[in-house]
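The structures considered in this document are given below.
Next, two complexes with subunit A in common: one pairs it with subunit B, the other with subunit C.
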Partner chain A sequence: MIQRNNSYRLLPFKFTHIGNKELIVNEVGDYLFMPNGTVQRVISGSVNRNTEEYRDLLSKFIICDSYNDILQDVIATRIRTKKSFLDGFTSLHIFVLTLRCNQKCVYCQATSQNKDCVNKDMKIEDLNKAISLMLKSPNPHITMEFQGGESSLVPSLVEHAILETERQNKSVGKEIKYVICTNIIHFSEELLNLCEKYNVFVSTSLDGPESIHDSNRGVSGSYKHFVDSLLRIRERLGQDRISPLMTTSVLSLNYPIEIVDSYRQLSFHYIFLRPLNPYGRAKENEDWNLYFDKFLEFYKKSLDYILLLNKRGEFFVEGFTAMVMKKILTPFPIGFVDLQSPAGIINSVVVYNYDGYVYCSDESRMMAESGDFTFRLGKVSDKYEDIFYGKKAQALSRVWATEYIAGCSDCAFQQYCGADPVRNYSTQGDWYGHRPSSLFCKFHKAVFEYLFELIDRRGNEVLPIIRRWIYD
Partner chain B sequence: MTDKFIKGSNNNIIYVTSCCTNRCIMCCQPPLDEDDSTYHYKRNINLIDTADPETDYVCITGGEPTLSGDLLFDYMHRIWDKMPNSSIHLLTNGRSFANANYVEKFTKEANGKLFVGIPLHSDNYADHDVIAGAKGSFYATLKGLHNLGILGFEIELRVIILKQNYKRLDKIAEFITRNLPFVAQVSFMGLEVIGYAEKNYSKVWMDSECFTINLARAIDILDNSHIQTRIFNIPHCLLPTALWPFACKSISEWKKTNLGICSNCSMIDECCGLFSTSKRYSANLKPIIR
Partner chain C sequence: MNSFRIIGNKKAQFNIDANMFSKSVIMKVLYWLNNDFVVQTTSHESQLLVELESNNDTDWNIMKKTISTMLNDFQMREVIEKETHDIRNILYVKAFSNIDNFTEYDTEE
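Moving on, here comes the complex of A and B:
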């Protein structure tokens, strides 16, 4: 037992070195940047009470003078708030209505099939059963997302799914948000009518200027179709009812500024810089270590440019940074399933696949395409309890939280990061994963370090901008 | 103080008691140890009875109004009965609300428009307790705030800027966004130099030139976090122009004054003015000429 001359007490915290400083993070995500050697002085009890440092440590709940009940209550409230994304259980229900697609994206994670292929659409009976399962979720707020393949190839299935959900929900009464994920290459009037009538949000993808976009799609003329449909959708549904995701192909890595500008040209005020995922077609083609190193540089350049735009008075959000910074700067959780602990799988998201089976995540069903059914939770005809609380879900729960898996439990970034057993399995061969050799870990640590350096070096300049993004 | 409550006035005040559990080093209305709530009762009842029924604002203050037990609830009910459109601004140190039984009773009684103003002197207990002059006051206030917040009461946090906390205004703002994000408003307040503030002048007074940079940072943090933020009792000439939109005409007409040099100031109509009751003013007051 260390004897402390100042008799203050320690609260749980973790720390790491960034540059020549120590980053100290407490149990609820409050952080302090301190000179090297601070942690040693804190734990040896030599922090002087008459200093701002002592006050900083008190204020960030890293030390206290007594373990009183009220302090515990306040911290308990903070933990409850941080974990409130668990309150309602599964909120995002993904329906893979078809695996067929009209594009040939170079990075396709979904192993999409030719648009004329047979037996790759969801059967009506399976769809109806999946909807019943979805409505059994205890969450009063449900997002029902139609994915593919290309969901616009099966407009009648989309329509049936919405009508059947509306019908079944009459006696259930949940609040349901519909999202259609589509490349909008051929977005028919019929689909527009449906989106208008049921307030369907259109989630699409835009990878950059015409040359990059078309090259990534593997089909020429894609960009032109995209822009045509975009204008039609905006005119009919409103400016904010369609939003794109950007996926960074190997080609994209060379064009950080051009990609951001392509979004601005089309009057978007938001971009989400997303790296490739090592699934599906993308899995085969990369030296992933090199890819992520380059992606990080791409991310930094884009972010820097976006921050400059904001400084010049243009409101433009980088979504990934906004998500991570929300975890760092606020007491609130985020809806981003990749960075949650307990993990997003089952707790926040579940996938009903065209094959009539239920999977833990988008990545899980993608693995199934290559014959690996590890993350299949059951059939849509199974009982809700057997799928969501079954043996497989129980086994996954033993490895799905950063609080208790090795390499995460003592990591300074634990509060900001997430666990991903599916990714561990697909890249490292087991659910538990090995953090020292994990790319997921390496990449996210690098992002956290970069953002904390940004806070430290340019906090007064960039934090007001980023706070506006978070609370937008 | 006013003799009759009228609509549109921010000077309709029920002074409940001089008792308080805190001994704030800058208190402008120093507390007494003996309970004088019955002494004030007759005048208060008369104010309510003779009030204009259209009155839209009544401030209940002290001392610490929650120390008067059922009397506080009696006042609240009478105010809402007589002036149904009235919003009550209850100024309290919040410590009573740390008690679950009190909060339960309060919730039952407080069934009208209410805005609870609670001072938070710091982001850490050490400074707060020194400023409040009472050990344990920080945690009790924090617990009280959480109890009120969970029940959805509208809360105003009041940060009076002093020598003891001016360096940490941005840190106080960050503490609020992390631990008290449910508050409806944060008010940063200049000092009224009277009472203990006059007695302890050299110990507590900090001229605005030393804190405006930190104040701007604090306001930026809160404003960007969608917490309404206001500046009270600091004249425009002491604030950078970026902070003018946050500055309120906060000082009641009856105790508001201006200096001779203010007469040709172009912002005089927007300005909060100065406390006529204050015994000292900033040395940096100057007319704004546009």
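Moving on, here comes the complex of A and C:
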């Protein structure tokens, strides 16, 4: 240990260089921008007491006067708060009720099948067993999400799933939130009644203006059906009971402003700029390096435009930025499974597939459709403990935290990022992954650097806007 | 890092004094280089000879500065890690201990 004249001690922290400054981040994600050379001076004991620099470093838990119990308890509580998403264990339970779909999306990650295909719906007995497994989760707050394929093609299964869950939950007493993921192309009255009765939230997809939306869906007329259903759903369920996600196809990359405006035109105040993921049909994308470079530019242009709208007085949120900024600016975790450590798989999300098997994430079951069952945890008839705490879950736990995997353990962005063994396996062939060649790493580092540059250069202008996104 | 030698557009060599940088620091730097370069190392007493070869044209002057920065940064990270290793463990143990669930045993019996 270095003996320092002024006897302060180091607390665990990471650092990197952004522009001509050093970004220093402590163990719970508090950050400081300091002049280059600060870290060298901190560790060599050259920071003088009674300076603003000393007080900054002290208040951000980069250094301390002593490792006393009170300090330890404060930081330990902060760590526990940051990791509180682990408290209840799996909260998001995805039910793939069918693989059949009525659209032909160019980027389909689920390898959906034709709507008339047979043997691609979940069997009732498997659905009942999956519901029993879900209700064994220790989490008192459960989100039950119906996915596909296109879940609106099987309204009777959706209805059965909700009624059976309500029945089984009478003796369990969990708080259940229902979400139906649907393209709402043909959203029947029967489904609307069900959504109204059981407060089902509708999660849908909108990729931009009519030309982009229809092109991405691979079916003409999709946008018109979408708008018709949107109006019906809003009228019956309320404005805030339906929310869309946007997926950025290669075509979409050229239209950042138009896509944001298409959301505004339909009276949405929120967009989530989501890149393609390398699964299913999307995996056929030729050059992922080029795609992510272009997506980053798309993201920056869109965000810049959205910030401008907010400056002009319009409340409009970019969801991905809001989530990352919540990690940076607040002591709290976020519910975004892609950026969690330990990883979102199993800890936060699990998938019951139409074929009666349980997978550790949505992406895992998408890989299964390509014949790769690596992340299959078991069958719905298996014991809960064997699925959620079994050998595969244990093996995954050895590679699912940024705190201890190579390339992440030293990274300044560790507290904001996440580990993703499924993505590692899909793109690099092994669970552990290789950070220097990882596009997940490259992309997220670039986003974090960009957001910290924004904070540093335009903090006075953008932070009040982003704080409204986080806290409102 | 010393004796940085550029061999054509696609290859460079340099020495790292193993007395100045730990094996862990050197390996972490090489880890981040091995996506862009074929990395070969040869040890001569306290000197480690590193050879980098790329399929692409490389601005070796920028690369030299980058590697030098990486060596210094990882060395500082090593100092921080060594000094804070124990307190970090204590903090995580405290953070994840379920104090309410602990059973207190009477050790007198």
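Convention: the second predicted complex is superposed on the first by the 471 of 472 C-alpha atoms of A that agree within 3 Å, B and C clash if a C-alpha of one lies under 4 Å from a C-alpha of the other, contacts with A are read in each partner's own complex, and residues count from 1 in each chain.
The definition used in the following text is that contacts are C-beta pairs under 8 Å (C-beta built on N, C-alpha and C of every residue); 3 or more make two chains touch, one makes a residue touch a chain.
Treat the numbers as computed from the prediction; the structure is a model and nothing was measured.
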Exercise for review: Mind working out whether A:Val39 is in touch with subunit B, subunit C, both or neither, as first, second, both or neither?
Suggested key: second
Review point. Which partner does A:Asp338 contact after superposing on A: first (subunit B), second (subunit C), both, neither?
Key: neither
Exercise for review: Give one of first, second, both or neither to describe whether A:Arg468 is in contact with subunit B, with subunit C, with both, or with none.
Suggested key: first
Exercise for review: Could you tell me if A:Asn460 is touching subunit B, subunit C, both of them or neither one (first, second, both, neither)?
Suggested key: first
Exercise for review: Scan A:Glu150 for contacts with subunit B and subunit C and give back first, second, both or neither.
Suggested key: neither
Check your understanding: Thinking of the overlay built on chain A, is A:Pro12 touched by subunit B (first), by subunit C (second), by both, or by neither?
Key -> second
Practice item. Pick one for A:Asp56: touches subunit B only (first), subunit C only (second), both, or neither. Key: first
Practice item. Return first, second, both or neither, reflecting whether A:Arg80 touches subunit B, subunit C, both chains, or no partner chain. Key: second
Review point. Once the two structures are fitted together, what part of subunit A is touched by subunit B and by subunit C alike?
Key: 73, 77
Point to revise | Residues on subunit C engaged by subunit A in the complex (per definition of touch) | key: 28, 31-36, 69, 72-74, 76-77, 79-84, 87-88, 90-92, 94-96
Point to revise | subunit B residues touching subunit A - in the complex, by the definition given at the top | key: 98, 122-127, 139-140, 142-143, 146, 167-168, 171, 175, 177-179, 181, 217, 220-221, 224-226
Exercise for review: Please name which positions on subunit A make contact with subunit C in the complex.
Suggested key: 1-2, 9-15, 17, 27, 39-40, 43, 67, 72-73, 75-77, 79-80, 83, 406-407, 410, 434-437
Practice item. Enumerate the contact residues on subunit A facing subunit B in the complex. Key: 30, 49, 52, 54-56, 58-59, 65, 68, 70-71, 73-74, 77-78, 329-332, 460, 463-464, 467-468, 471
